[in-house]
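You will see subunit A twice below: alongside subunit B first, and alongside subunit C after that.
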Partner chain A sequence: MVCYNMYIFNRDGVCLHYQEWSRPKHVKDGAGTLVDDAKMMFGLLFSLKNVCTAIDPTREVKRPLGAPTPHGEGCSFRSFTTDCYKLHYLDSPSGIKIVLNTSTDLGNLEKHMWQIYSNLYCEYVVKNPLYTVGEPFECEQFVQNLNKLIKSLG
Partner chain B sequence: MEKQGQGQEGRRGECAETCFDLLLIEMIHLYGGRPTQGTTTTTTTTTTTTTNATEATPKANGGGVQERRPSGAQERGPGEAGAGPGGGPGDGLESMGFQVGCQLGERYSKSRASFDDTLDIVKFLCKDFWTEVFRKQVDNLKTNHRGVFVLYDSKFRWLRSASAGKMMGDNASAAAVGAGSGGQPGQGKTTVGDLLRFPCGLIRGVLFTLGIKAVVSADVASSLPACSFTVKIQQQAK
Partner chain C sequence: MSSKGKVASSVAGERINSELFTLTYGALVRHLLLDLESPEEVNKQLDRMGQNIGVRLVDDFLAKTNTTRCRNFKEAVKTIADTGFKMFLGIDAKVTQIGDKECKMVLNDNPLIDFVELPEKLEPLSYCNLLCGVIRGALEQVSMKVEVLISKDPLKGDERFELHMKLLEYINEEYPFADD
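Moving on to the complex of A and B:
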């Protein structure tokens, strides 16, 4: 049970935080730089969400691909598994997107993702008087408690 | 979300602590860089009333509205000369803290008999006042017996969510890592010094109500959320 890395994006695609615990394949062999990596990840999330909404067989909503979806409509995917890793995704109502890449043997981490959002992000980042909302952050308390939570997972 | 409430004569007033924390943050953004001048004194005075009301609500207004000090503007005069870097930015926050401190000092000491001496007053500040406002006592009190006291709080409540950190991809100089120094004018970021201005004024106000004129400065020595307040007593008036 390994956690590889984690991204936090805001609604506009700014990567607010990136943390990695284990990354055997170097980013240079993948996207190139960390900045490109983050952009690619956000692009993936954005497109995947739109495609999910478009091929949704349950709801009858005609929406052209690319149009912004109002609240309540549209599907949000939770995770996807490849043969190498599993990607867990949380899209909060305020547009904060949390992505966690883990090994394939971990189960459903939805509860933990919500914990990361409410107990860690909201407590230590949003309420941090020294932080300006919307900018990338590296808050000590957030990082410490996040590491604790990740250790308890694996 | 925690609630801090207080029973006073049977009536309870509660306020979610998260709201209070966020209000403090906004207050610092709004008033942190503004110096108090002659023309803006009125504006500051009016806004101080609002802040006082908000401060009073979580502490449970026992018997109705507190009356404001009639000579508020007068008190700010001598206080300002002694407080921090004279006339610099952020004086607004300090004098707001002073006003609130004056009123809270009277409120929390009304049931006590008179104080024995300066040390007794400072002990009251460290124990009873700190418990009422920050829900814990000051951890360490040092004095040189010549009018200088150092109050050390290892987990200052208003700093408990604060952590310093570099901005990703930015210069560290733009980051909000400041330790106790007065904020530079024109800087958009909040520093730790800004956060501690209001508590400094608070302490100064309490001591003033109880008859001690002092100068208070704050310092974040080692790690957030620990901080220390240095109180230098200038004169006493009984």
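Moving on to the complex of A and C:
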């Protein structure tokens, strides 16, 4: 079991937090910089959701691919697995997007993702009166408790 | 619900004495009145402060209630009335009129005004304007632009406290970066 890294975005694509535990392939060999890396990740989430929505077989109201979708509509995915890693994803109704990359042997982490949102992000970040909503944060308590949670996964 | 010194309860536990809360809010409004001379300015400031609270509160609300998405304005309004007010202020709210774009909500009890009497010279002051801001800020985070007004106010002689909400637009999800 390995957790590689985690991103937290808000709906405007701002990367509020980035955390790395193990990243064998350095950012420099991929997107180049962390900023571009985060942008690429956000783009992936955004487009994947759009495609998921466009091919949704259940909903009667069909929107063409790329048409503006009101927030809260559309299909949000929860995870995807590639040959090399697994991406876990939580998209809160308020537009907070949490991404966790792990090795492929981890099972369903939906509960844990929700914990990161409700017990860590809400408690330690949002409720901190000195934190400005929508800005990147480095919060010690958040990181400590996140590390604990990540450790408990293994 | 009307006994003084009751506690504002929230779904997930923490409680504070409502008198402390009421008096703190009172002190806040008083201070704003001193700072910003005109009641109209105070209304604006309360609204802005409320909005700042709302944008945070919504995450707390979602986290504690496990609410999934509200698909439309109606659903959101009902959620606020049924759960929101109960959770954060410990009071019941009832939706009295509801349409696709507008609604009216009556609060059976409003702890913010427990000890308040509005002097005549402060007639334009909308004492509870903070609430409007909170709702506006919270709904903005879940993609609804709304306008919230206090349509009936016991401080101004009405029987009940009533909020009037109007949906301006749903905010679309857009790709925030320019293509490079």
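In this section, the second predicted complex is superposed on the first by the 149 of 154 C-alpha atoms of A that agree within 3 Å, B and C clash if a C-alpha of one lies under 4 Å from a C-alpha of the other, contacts with A are read in each partner's own complex, and residues count from 1 in each chain.
As a working rule, contacts are C-beta pairs under 8 Å (C-beta built on N, C-alpha and C of every residue); 3 or more make two chains touch, one makes a residue touch a chain.
What you see is a predicted model, and the numbers here were worked out from it, not measured in a lab.
A.B. asks: Given the touch rule stated above, what does A:Gln141 touch, subunit B (first), subunit C (second), both, or neither?
C.D. replies: Only subunit B is touched by A:Gln141; subunit C is not.
A.B. asks: Is A:Lys127 in contact with subunit B, with subunit C, with both, or with neither (first, second, both, neither)?
C.D. replies: After superposing on A, A:Lys127 lies in contact with both subunit B and subunit C.
A.B. asks: Is the number of subunit A residues in contact higher for subunit B or for subunit C?
C.D. replies: C
A.B. asks: Now for A:Phe46: first (subunit B), second (subunit C), both, or neither, which partner does it touch?
C.D. replies: second
A.B. asks: Looking at the overlay, does A:His17 come into contact with subunit B only (first), subunit C only (second), both, or neither?
C.D. replies: first
A.B. asks: Contact-wise, after the overlay, does A:Glu110 reach subunit B, subunit C, both or neither (first, second, both, neither)?
C.D. replies: neither
A.B. asks: Based on the superposed arrangement, let me know which partner A:Ile96 touches: subunit B (first), subunit C (second), both, or neither?
C.D. replies: Once the two structures are laid over each other on A, A:Ile96 reaches subunit C alone.
A.B. asks: Please report the subunit A residues shared by its interface with subunit B and its interface with subunit C.
C.D. replies: 127
A.B. asks: Write out the stretch or stretches of subunit A touching subunit B in their complex.
C.D. replies: 15, 17-18, 35, 123-124, 127-132, 135-142
A.B. asks: Could you pull out which subunit B residues touch subunit A in their complex?
C.D. replies: Subunit B reaches subunit A through residues 18, 21-22, 24-25, 28, 158, 161-170, 176, 188-192, 195, 224.
A.B. asks: Note which residues of subunit A are touching subunit C in the complex, please.
C.D. replies: Listed in rising order, the residues of subunit A that touch subunit C are 11-13, 39, 42-43, 46, 68-74, 92-96, 117-119, 121-122, 126-127, 133.
A.B. asks: Report the residues of subunit C in contact with subunit A in the complex, numbered from low to high.
C.D. replies: Residues 52, 55-56, 58-60, 62-64, 67-71, 141-143, 170-177.
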